[in-house]
Structures are given as C-alpha cells and as structure tokens.
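My questions all concern the structure below.
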Amino acid sequence: MSTVRRLVHPNPSRILRTQDRPLSCPLTTEIGLTNYSRQAETVRLDSIEPTECLSYLTAESVSWIDIQGLGREDLLQELGDVLNLHPQLLEDIANVPQRPRFEDYDDQLLMICRMVKANDEANGFDRQQVSLVLGANYVLVIQEALDYDSCFNKVGERIRRNKGTMRKQGADYLLYCLLDVIISGFFPVLEDYGERLEELENEVVRDPCRHTLERIYQMKRELLMLRRSIWPQRDAIDRLMREESPLICNEVRVNLRDCYNHAVQAIDMVETYREIASSLMEVYLSSMSKRMNENIRFLTVFSTIFLPLTFIVGIYGMNFEFMPELKWKWGYPVLWLIMLSITGCLLFYFYRKGWLVQAQSDK
Amino acid sequence: MSTVRRLVHPNPSRILRTQDRPLSCPLTTEIGLTNYSRQAETVRLDSIEPTECLSYLTAESVSWIDIQGLGREDLLQELGDVLNLHPQLLEDIANVPQRPRFEDYDDQLLMICRMVKANDEANGFDRQQVSLVLGANYVLVIQEALDYDSCFNKVGERIRRNKGTMRKQGADYLLYCLLDVIISGFFPVLEDYGERLEELENEVVRDPCRHTLERIYQMKRELLMLRRSIWPQRDAIDRLMREESPLICNEVRVNLRDCYNHAVQAIDMVETYREIASSLMEVYLSSMSKRMNENIRFLTVFSTIFLPLTFIVGIYGMNFEFMPELKWKWGYPVLWLIMLSITGCLLFYFYRKGWLVQAQSDK
Amino acid sequence: MSTVRRLVHPNPSRILRTQDRPLSCPLTTEIGLTNYSRQAETVRLDSIEPTECLSYLTAESVSWIDIQGLGREDLLQELGDVLNLHPQLLEDIANVPQRPRFEDYDDQLLMICRMVKANDEANGFDRQQVSLVLGANYVLVIQEALDYDSCFNKVGERIRRNKGTMRKQGADYLLYCLLDVIISGFFPVLEDYGERLEELENEVVRDPCRHTLERIYQMKRELLMLRRSIWPQRDAIDRLMREESPLICNEVRVNLRDCYNHAVQAIDMVETYREIASSLMEVYLSSMSKRMNENIRFLTVFSTIFLPLTFIVGIYGMNFEFMPELKWKWGYPVLWLIMLSITGCLLFYFYRKGWLVQAQSDK
Amino acid sequence: MSTVRRLVHPNPSRILRTQDRPLSCPLTTEIGLTNYSRQAETVRLDSIEPTECLSYLTAESVSWIDIQGLGREDLLQELGDVLNLHPQLLEDIANVPQRPRFEDYDDQLLMICRMVKANDEANGFDRQQVSLVLGANYVLVIQEALDYDSCFNKVGERIRRNKGTMRKQGADYLLYCLLDVIISGFFPVLEDYGERLEELENEVVRDPCRHTLERIYQMKRELLMLRRSIWPQRDAIDRLMREESPLICNEVRVNLRDCYNHAVQAIDMVETYREIASSLMEVYLSSMSKRMNENIRFLTVFSTIFLPLTFIVGIYGMNFEFMPELKWKWGYPVLWLIMLSITGCLLFYFYRKGWLVQAQSDK
Amino acid sequence: MSTVRRLVHPNPSRILRTQDRPLSCPLTTEIGLTNYSRQAETVRLDSIEPTECLSYLTAESVSWIDIQGLGREDLLQELGDVLNLHPQLLEDIANVPQRPRFEDYDDQLLMICRMVKANDEANGFDRQQVSLVLGANYVLVIQEALDYDSCFNKVGERIRRNKGTMRKQGADYLLYCLLDVIISGFFPVLEDYGERLEELENEVVRDPCRHTLERIYQMKRELLMLRRSIWPQRDAIDRLMREESPLICNEVRVNLRDCYNHAVQAIDMVETYREIASSLMEVYLSSMSKRMNENIRFLTVFSTIFLPLTFIVGIYGMNFEFMPELKWKWGYPVLWLIMLSITGCLLFYFYRKGWLVQAQSDK
C-alpha cells in the first residue's frame, strides 16, 4: 500500500512572473547510481530499477543514488522499501515545494534544499527542490526536474577522475560535497544581481525612464525570493552540523562549517542587495520629485516673463479715445524699451535665484 | 453551580469590513460523536446529549466528540462534568475570540486554533475559533459556528472508509490529523491572496485607477489579520510537540513536526506577501508622482508655446499711431513666419529634452 | 524617621494633550479595608487609620487594604510600619509614575500596574498607577487617585455577595482577581480605538479633510502610550507567574496564566492597530497626491483648451493694414468653426487619454 | 614607567552642532577626597596629591576620591599606583570617549558612565564621561571636565549633613548613590525634550515655517545621541547588579535594581520621543503636500475663471469687418451678462466640489 | 599534492564604484619574519622561503610570520606544511573574500579580518582581507595585498624599540596587538565619514544641489559596506575571547575585552551614521517638496495678479460700437486706478496669507 500522499499545497511562486521555475516538471522518474570505493573501479548506472541498487549497498563502498523527476510515485515507493526509508521522509521528498530544512530520522538524515541556477535568457534564475538523504553507505539525491546539465556533474567528474580525497572518504563527505555545490550555486546568481543593480543605479541617477520603477520593483521581489531560498538553508546546515548523529564524522563537521560560512556569506550579499534596492527606490522617488520641480520652475519662469508683457500690450490695445500715449511719436519704441527692461529685470532676478541655471542644465 | 463565566471581551475583528467572520454564530450547540477502533464498526451519532458520550469512552476505542456552536452553556457545562474537564479549560473554550495557544491541564491538552476558509463571494476569508481537547481516549473538537461543510469532514470520511493507518492509531494521531487539516486550510486562502496580489501588481504598473490604493490597503490589512491567526498557531504546535505529556506518543511527535513545518511555510508566505504589498504601495506612490510629472510637463509644453505667440499678436493689436510694421505690405505674412519659426524652435527644444516623446507616450 | 523619599521624576505623559491623566491627584490619602473568610461575615471599613488594620491581619481571614491618593506620606509610612514593608517597596509605591513591573521582596510581592479607563468626553483614556502588594494574608492596593467608580468595585461586590469561589480562596486569588480586572480594563479602551480607527479609515478613503492628518497622528501617539502601559505589564505578570514564592499557590498560577494570555491578546491588538494606523498615514499621503494630480489635470485641460483659442482671437485683433481674412465676408463664422473644431479635437484627445472622465468624477 | 596610553579615537560627537560637549576639557587634574564613617567627623580635602589619600584608606571609613579633568597623566598614574589599580583600568579611565560599560577587575569594579546636564542657553545638553571605580573602602570618581556645579554635590551634602542612612553604609552604597544621581540626571533633560517636542507638534500642525524641518531633524539627531548614552548604561547597571563580587552586599543590590528600573524608564522615554519625532516628520511632509495642493487649487480656480473670460473679450477685440454683434446696441451689456453668468456657473461648480471653501480657509 | 582549492566566488564589492578595493592584488607572495624574545636580539627577515622559518620556531621566542599577496599557491602550501596547518585553514586563507570570522583548529586559531584604510584621493576607503593564525609560538599574518605602508608597521616598530611590555609577552599578546591595530584602523575612516556627513548636512539644509541626492545615496551605500566589514569582526573577537584554548592566557583575555569594546564602539558609530544618513534623505525629500511649493506659490501669486488685469484690458480692447466707457474723458486714468487697487488688494491678501514673505525669502 502506498503511503506517499501528495499534498496539493498552493505554489507560492506562482505570483512570480520571473522564470524561477524548474526547467521541466517531468512525469517520469529517472534513477541513476554511482558506486565508488577506495580501491574498486567507479561504477555508473543510468535509468535503473530501484531493486538494482540493492547489490551495491555494501559497507565497503559508497553509493550515490540520484533521482530526477518525481513523476512516478510507484518507483519512489519501491525505492523507499529498498532503502527502508521512513514513510514521513518519503512524503517530504515527494511533495514539492517544501521549505528547506533538516530532519533527523535516526537511520537517515534528510536535507531539503533549494538549488538555483542563473538563467540569462529570462534575466532571472531557475529554482528547483533537491532533497538529500544520507544513509549508512549511501546518499540519495532527489531532484524535482530532469536536469542533464546539473551542477552535480562536477562532483561526479571528481569521483570518476579520483581527484582530491573524494574516494577515500565516506558517504558523509559526499553529502558535504553536494551541499557545497548547491550553496556555491547561489554566488553566480548573486553576481548577476550585483551587475543588474549596478546598471539600475546608473539608470536611476543618470536617466530614469518609464520602466525604471518596474525594474526596481522586480529586482526587490526577486531578491525576496532568493532570500526565502537561502535563509532556511543556513539553519538546516547549522542543525546538520550540530546533529549528534553517528552518520557524520568529525572531519566532515569541519567541512560543513565551511559550507555554513558560505551560506552566511550569501545571505549577507542578499541582504546588502536588498538594502541597496530599497535605497534605489527612494532615490528614484527623489529624482522624480526633482524633475517635477524643474518642470514647474520652467513653467514659472516662462509664465512670469510673459504675463506682464501680455498685460502691457493689452493696455495699448484698448480703444479709449483719450489715451495720450497712443498719440506720442515715440510711444511704440519707448514701450519696447520698457518691455525689454522688464524682461531683463526678471531674468536677472531668476538668475540670482539660480532658477535659470538649473532650468537650463536639465537635459 | 456553573463556573462557565462568559467574558465580554471586545471583538478585535470588528474593525474589519471583510467577511472574515464565522459563518453563523448560532445560539444552539450541536454535539456529535464518532467512535472507532481497529476492529469494531465505526459509530457516528449526531445531535446527542453529553451523557450519551459516556458509554463510548473506553480505553479500546477512540472517540471524536465534535461540538458546533457555543450557544448553550448548560450543555458545555454538562459535557465538562462528563469528561471531567478543568474549569479554566471550560472557560477558555466557551469564550471567543481567544488567542491561538496551547495549554497543558495534565489530564487534558488544549489547543486553541483559528480555522480559515476562502470565501469567494466576499473576496476574503471566513475565520472561526476551533478548540481541540485531547483526553485519554478522546478528542473534543469545539467549533464556534455551525459549519456543515467543515474541512473536518475529510478526516471523518477517512475514518469511515478505513483509509490509511487512521483506525490503527490513538487519539493523539486523530489530534494531529485535525491540526493538519486546519493548517492546510490556510494554503488555499494564501493561494487566493497570491492571485489577487498578482492582479494588483498588473493594475499598479499598467493602469492604476482610483480604487487601486484602497485595494492595496485592504490587502495589507487582511494579510495582517491572517498573520495574527497563523503566527501564534506555530508557537502552539511547537509547544505541543515539545510537551512531555504521556498523552502523545513519539510516533505522533514526528507527524506533528511535519505539521509545524507547514505552519512555518504558511507564515513564510504571509510575510512574503506582506513585503510585496508594501512594495506595491511604494510603486503606486511613485507612479502617481510620475503621472503628475507628465501632466505638468504637458501643461508646460503647451503654455510655453502659446505664451510668446499670444504676446506677439498682442503687440500688433496695440493702437499706437506710429507703428511702422502695421503699414508694411508683407508685415502680416512675415509675422506668421516669425511665429511659426518660434514654435518650431520651441518644439525642437522640447524634443531634444525628450519631453515631447514622453508626453505623447502617456496614454 | 521617614524613608519615603519622593523623587521628582519628570512626568513623561505631560507632552500628551489627551486626557490620559488620573482623574484627580488628591492631597489626601484614604485607607479602606475589606476582610473576609470562608465562614465569617465580610467586614468593610472606610477611611480608617493604619493601625486599625492590625486586628484584622489574621491567618484565618484575607484582608484587602485599599489606599486612594498618595497625598499624606505620614499615613503611608505608618502603614508601612504596621505591615512591615521593605523601605524600597514603600518608596516605589509613593513615587509616580513608575514603570509597570514586578518586584519580589521575600515577605511581600509588589506588582506595579497601569490601569486605564475609557473617557468618552475627552475622546481618550484616563490612566493611573496601581500598586498591588501581596503579603501573607492581605493584599494592599494603592491607587494614585481617588476613584469612587473604580473597576475594583466589581471584585468587592463579588466578595460581599459571596459569588464564585472568591471567599474560599486566599490572598493570592484576590491578587489574581484584581490583576484580571486591570488587564480586562484595557479591552473597552481598545474597542474604542478600533471604532475610531474604522471611522478614520472611512474618512481617509472617502473624504479626507484638513483635520484627518492630525487625527491619524493623534491616534498613533495615543496607541504608543497605550502600548507603553500594557507591554511591561505582560512581563511583570510573566515574572509573577514564574516566581517561586510560597505566597502564591499552584492553583492560582493556572489562573495567572489566563491573565497573562489576556495581556498578550491586548498587546496583539495594540500592535495591529498601530500597523493599521501607519498604513492609514500612507494611504492619506497617497490620496493627497492623487487629489493634487486631479487638480493639476483640471488646470491642464482648461488651459490647453483656452490657450490656442485666445491666441487665435489675438491674431485677428491685430491692426495690420493688409490682412485679407479680415475683409472676407465669411471670415468671422469660419473662424468660429475653426475654433470649435480645435476645441472638439482637444476634448476628444483628453477623452481618449481618460483625463476628462477622471476630472469629472472627482467630487 | 607609564602604561597610560592615550588612544586617539575620533570624537563621534564632532558632527553634532549641539552643545553636548563637556563644559571644559581642562589640562589640569584636580583630586579631592571625602572621608566619612559612622562615628567620626566627615573629612573633606580639595586639590590634594595622590599620596595624601593613603592615610584615609582604612577599613573603618569610606573614602570618596573625586578627580576632575584628565589633563595630567602623571597624577593619574601616581594615583593608580597608590590605589593599586589594574593598568587596563587606568587606560580605560584616561581615554575619552569610551562606551558606557561595566568591567570587573577582581579587586576593583569599573563603571564607565555618561552624565548629561540640560544646557538651556544652547537649547541642548552637556555630556561628559564619568568613571566610577569601586574598591574595598573607597569609590574613585573620575570626571572628564572641571564641573564645580556637579550634581554629585548633592550626595556630598547628604554625607556632610548625615542625612539618611548614608554614613552607616559602605562604599558600595556610595557607588549606588552616585549612579542614581547620574541616571536621575537624564530626566530633566528628557523633560526638556518633551516640552520641545510639544512645541514642535504645535508648530507642525498649526504653522510649519521654513525652519520646522531643520528643528525636527535636529531633535531626531539629539535623541539619537541621548539614546546612545543611556542604552549601554542600562546594560552596565544590569551586569553590575548580577556580578557576584564580594565588593557589593545584597542590600545594595536591591537598591541597584531600583537604579536599573530608572534607566529602563529613561530608555522608554527616549524611544517614545524618537517614535513621536519620526511621526512628526511624516506629518510635516503631509502638511507640505496639503499646502501645495491648496496652492495649486487656488491657481486652478483663478485660472479657470479668467481663461474663458479673456478668450471672450479677445473675440470682440477682433477686427473682422463683418461681425454683427459689434454693431448691436445691446452687444456690450449682453456680453457682460454672459461673462457674469459664466463666472457664476464656475464658482458654483467649484463650491460644490468644495474647492472654494478649502481655498478660503487656508490662512 | 596541493589541497589549496581556489573557489571562484563572485566579488560582492564589484557593484561599488568607490575605491574600497585592495591597493594592489599582486601575483607574488612575499614572506617576512620577525623573531623576538625577552633577552635575545629581535630578528627581521624579508622575502624568505617558507623553510627558513623552521629554525626560528622555538618555544623560547615568538615568531611573527607575515605574508603579503596570495599570488603563489605553492609557497602557501609549502608554509602550510612547515607550520603543519589544517588543510581547511589553508583553503580559508587562500580564498578571498571571506566573511570575517573566528575558527578554532585545535592547534591553530584562525581570525579572518577586514582591514580598512582611509583613501583621501578616492574619497572612500581601501579594504583588504587579513588572516591571523595563532600557533604555539608564532603568529602568521596573511595580507591580501602588498602594503608597504601597512599599519602593522607600528607594531613592528614597538617590538624593535622594545617599547611597552611587548617582548615580555607571548604570541597571544602579539595577536591582540595586531587585532587592536586593525580595529583602531576603523576610527580614522569613521572620522572621515563623520566630516562628510556634516558637510552633507549643511548642503541639504542650506543649498541642496543636483548632486546632493547622489552623495547621500553613495554615503549610505558605503556605510553599509563598512558595517558589513566591522559587524562580523565583533562576533569573531567575542568568540576568540570566550574560546577555552590553551593558546590564549587569561591576561590577554582582559586585553581582548578592550579590543572587543572598541569594535562595539565602531559599530555604534556606523549605526548612528546610518540613521543620520537616512534622516538626511528624508530631509532632502522634504526640502525638495518645500522648494516645489515655493515655486508653485510664486507662479500662483504672479498669475493671480496678472490674470484679472489682462482680462480688464481685454475688455476695453473690444470693438463694440456702443461702449460708453471708451468715450469718457477720464475712462483711461480711472481704469488705471481700478487696476492698481485690484493689484493692491491681491497683494494685501497674499501678504496676510504669508505667501509674499516666503516667496521673497526663497533665495
């Protein structure tokens, strides 16, 4: 009987129009296995059945079972029986999205993570849930989506080439390596956001256009999502580090501390970017206000000069019979002189007020 | 003597114009009972007297007593005597609204919860207080309102159909299932808010109308209420989980941890929505400011072009006797040329400033 | 020798123009006593001398000594000698205002509270300091002001009528009852604020007038004061509850937990109201901005229509000798047609921009 | 060899234009001594040499050594040798400004405090560092500046007049008295700020002038400084209170709790004032916005009335030969009627919109 | 085999346009050594090979090994072998930037710090990572950049001149001295910011120009970076202080407490500056709003005066045949009187409203 219950939690990321969704949510489930030990040849199997894993689960070697796609519940259930997984653990794995966290099921340790990947076309990032289960001699990795270009490939490569101390260590070290790859994956995404922030800064200060506001808002919301992904991960690593489980040796604990520090560094960057984005919003508002001021000043200068002039020419457009000025020979030129001097005075006044200069420099 | 004292606490939700009130606050009290065990047939009784429960309260079976409506204090008091409830516990149950919390009365554990339900007509959510009392072999559920379409029905259904491990477990597992249903009930409501936020976003960025502001404010206030409902619930579940009461077995504690994680996830979503709503308010303010700027620019461009023209035609409307220009044959057409060139220069100036384009594109 | 030193602390509430001050700060001190036990008749004495209390302070009965007014230090000092109060305790009692808090003086427990009472005339609330001292068989209640309509009267009434379990319990239960009455007193005041907030909401959204801003500000400041009163009280009750003093029995501790929960609920409400008031300020600012926009739009529409028209009529007011149009027979009606069509075009343009509609609907 | 190293820390208060600096930073160092005991006469010595203290440092009496001015390092060093002070302690004392804090050097306890004093001329407050060192039978008080009108004089007076229990107690009680005087010194300053806030409130709501903004900003900054002075002091007293040093007896610990409560009360007031000042800034911004709105409305009403009128008189200023209206006998009076009715309609329209009233009432 | 893996973390400071970068990121690695003891001569070696250190690492003397530049991994690796450093420690040192923190590797203690230095030309500050490793008899200092003018030179000078108690103490005291120099280095930078803030204040209040906004924003962002540097350093020192490692003696712990206090003081100043900068942004926004108001008022006063005048002269420019006023002999002078009185009335009205004065005083 299947105990894998699929909760229909709403997808909190649906309100996002950015492309921070898994690459593809397949209806299949692909199981792969990498088995290695200090002496023996590294074995790599693709698209296997759950039961095929059994023969590799020995105390002498480390098995890395990777699952891509959550489409076939029966396979997950079967694997759960093979690996003797706790029903609750199986439920946690099968239902996405879950909040990143750490759970200790005595025989297995479960880390639920969020993996991000910069997506240059969409100008955002892809995001998928990755669950890591650490058992006695194996690590089970469950990815939400099919992801042939996964950043886990680098770890696989390292095992195959027997690079570093990889093969000499146990399953806990493999877990650390995978976690480290996940956390390190946040930095290129953050790098992207750093560059976009810098562009936005220039845009706001130099040349705010009608889409600047939307871009700042979009930036703020995406950083909020990024923060929601990385923040609980830090707590999870912290708890994993402090867990007094026999599954993790002290050596690896030192490594996990490093991983934890990277998570803290990523959080630091997200928070800094968020504060900068908030400041940018303020600067944008201020610069809008400054522009409006300049527009109004322009209107004021123009109106203030032409209002008295128009009044004056209106006077001599009147049809009174007894207006001596109209008869004077020099009336017209004298009036021009008066109007020019009024304009001159006003311009001088505005110049001293500094309005003329600033109205000019607004381009 | 009745010790059920009804405090007349003000209703904090009265200032809400949204429909987050109980469906109906009845003056009656309906008591139902569901009794099940591993072997025996499941019994379901409706509208019973408190004393009828007594015969079902055996160590071999689990009784689920559900009360809808707090109208009749005498029935509550009687049931309190039957189940031997602590007077303070009875008082907590009978008085609404209480803050969600957990209380340990040694023989009974009390969870006061807030249950929400999306209400599409009112574009809001219904809210009611649900108290769960866990005794030795029973769970007592007290709902503030008559609610025939309660989400607890699903749990009842599961018991009746003997689905899952429900019947094999004790009263503590029933408590977990009910709590899980309550917490899960927050997600559809949050889903609704996510969609409304997305609509608001489009509205603010594309086409802010006169009601946009009110809608953002309304949204912020309802999220505040939602947060007030879910936040203390998390603490209550946490305390329930850690309580060293013999009434809860370790198996169920693992399940409760899952329930706790869902509550944290719901809080996460509420907080994210609240931050997005705050940002939206800022964006709305900015876009108001941008619009005002465009209006002022429009006025400025128009005024600046017509002010000098009106002045010029005013000049030649003057009645001076000695104005040579008026006598020139080509005076009138030349003046038109002058005015057209002034207009042209100004338009070119505004075009280079970029005002013309933006004033145009504002539609 | 008197050790009652009167500190001249500045009165932090002086900057408040609201009527949150004691009803009257009398120069007298009135001492009353209520003595009750399970069997004997309840005794009530008014305006007694401190020494008269002595005969009632027996282990078999509970004495409730109440003091109103801090005017006569000598009486306080005398009572301190009679009850054997700690000098520091006496000093804390005699000096107002003190921050609400709990102090343990081994033989006596001191709770300093802030009692509020809605004041409908002043549209605010009265506030006074109440100190509760729990001794072996007595509770000493010191009110800052004469307050004949005190909410403690209800507790006195309950004792006299022998209602509930009042008389069967000790002095610690009396302390709980008085505390409960003080905390419950916050709810009607909060209820008032809830209603005023709702009115303000309508005002801001529908019809913000020149006093709306002041009212929101006033509201925010009063809620700040209310929060300052209730917040430390919660901590004080929490500490009282956890204090391992033999003066409080376990039964009463359960009751105090209830009292603590009410305080938390009151804080919750104050915080919610404060957040709503802050949002209201933002909405007010936005609606001011919206109105300004509409005014400017109105001006723009009007100016933009009349500026070209005035220019055109200015042209034909010129006195050039050679202006063929002036001689045409249909010149004048044709000009009217031209002006009407210009007006029509502009109106159509504004209509499509949506300015006309919104300018209209602003009433 | 001198170990008194003088660090050249930047002075964080330099950016303050307020007079919150020491009265005078002298280049001298004045040492005084007050010696008292239960029986003997109180001795007061001024301007003594460090070595002169030695004879008074007996177990039977309490010595209060006070230093004003940090000008002469050699004297400080000498005194350090006489009293056997820890080199680090000496360094902490000699370097200003230090953050208020508590340090335990086993044989001596060090409290670094910030003493404030209202300065009415400067409309701000003076601030100086005071270090208190509690030794076996002495308290060493180091003031940064010469301050003949110090608030410590009151304590000296109390000792001389043998008022209260002063002389019967040890050096720890003297330390408490001095600390109490320092903390109490914050209240008159806060009182001043409370009054200035109230004035600002009236100014903002009634009649905001061009300096209101600067005043609010100044107020906010000074409160920030005040908060920076009092906040760490609370922690220092808390740590002093909890320190398990034999230098402080339990009796005095009870007194220190009182002192701690005063510090908390002062912090409460500062925080409240800061929140009120922030609200005032918002209200000021809103009232600026309101005023601008009224100005624009005034301009709109005026323009909207005169624009059509000016257009109409422009029409009949045209020189068309065939304008029948010009020939009509009643043309001129009828035009006046038309113009008056247009004005009337517009005024009625504005009146119904409510613009007329508000524009009027703005004075 | 090299275990020094170089992670390619993005550089979070890239978005900064300020010059807060290392002076030069060299491709070389320079190793220096200073060896001193109580009796022997101080030895100073420059540009040595890692193995040359070996002979100086004796229990009788303290070795200070300083590395500038991280260019040559092989040298770092070699030194790691010589000093027997933990591989993870070596990795932390070699990869920049790391978050400031403390790590305990049993045989070595690692402090990662951020050192800042005012850079007057760039109007900002230089920043580089410094790692301090405390071993049994040595301190290893790794600076990211070549820095011949390092502030560590002062410490070297003190050792050479045998000033203070430097030579009599162990490696832990050297670590304290270096930490103290790093923390003290923050104060001159903060001093600079204090002065720039003061200038900005004057600018905002007196004469906000078009670059003021950018300057405030820049200031806020740099303070954010400064805060990110100093904040984790405080935690690191705190953890170092509390670490129960035999490598640090109690004497030095007292000194570290002083260092910790300086870090807290620096944080205090950064936070204060940040709050002031935020207030400045608000003041700037308000002053923009005030200016706009004054511009609009100016326009309103001018328009309101000339609109009716222009209308009046328009009236008498009409060509009606029957306009009796035109024929009156005193028509023209009377009209002048009327116009002057209208102007007078309006000016008086504006004067009483206070608009005239404020519009005047805006310069």
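Going by the order they are written in, the chains are A, B, C, D and E; count residues from 1 in each one.
Here is the rule we go by: contacts are C-beta pairs under 8 Å (C-beta built on N, C-alpha and C of every residue); 3 or more make two chains touch, one makes a residue touch a chain.
In UniProt terms, the chains line up like this: A, B, C, D, E = Magnesium transport protein CorA.
Small disclaimer: the values here were computed from a predicted structure and weren't measured.
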item: Third chains touching both chain D and chain A; value: E
item: Classification of the chain B:chain C interface as same or different, half of numbers criterion; value: different
item: Between chain C and chain D, centroid-to-centroid distance (C-alpha), Å; value: 26
item: Inter-chain centre distance, chain B versus chain E - centres from mean C-alpha coordinates, in Å; value: 42
item: Per-residue multi-chain contacts in chain C, two or more chains; value: 285, 289, 292, 296, 299, 303, 310, 314, 317-319, 323
item: Graph class of chain-chain contacts, one of line, ring, star, complete, other; value: ring
item: Complete ring sequence of chains beginning with chain B, oriented so that chain C follows; value: B, C, D, E, A
item: Sites on chain D touched by chain E in the complex; value: 3, 7, 9-10, 12, 14-15, 86, 88, 91-92, 98-99, 101, 103, 105, 210, 213-214, 217, 220-221, 224-225, 228, 281, 284-285, 288-289, 291-292, 295-296, 298-299, 302-303, 306-307, 309-310, 313-314, 316-319, 323, 325-332, 335, 362-363
item: In the complex with chain D, residue positions of chain E that touch it; value: 164-165, 184, 187-188, 190-191, 194-195, 197-198, 201, 205, 254-255, 257-258, 261-262, 264-265, 268-269, 272, 275-276, 279-280, 282-283, 285-287, 289-290, 292-293, 296-297, 299-300, 303-304, 307-308, 310-311, 314-315, 317-323, 352-353, 358, 361
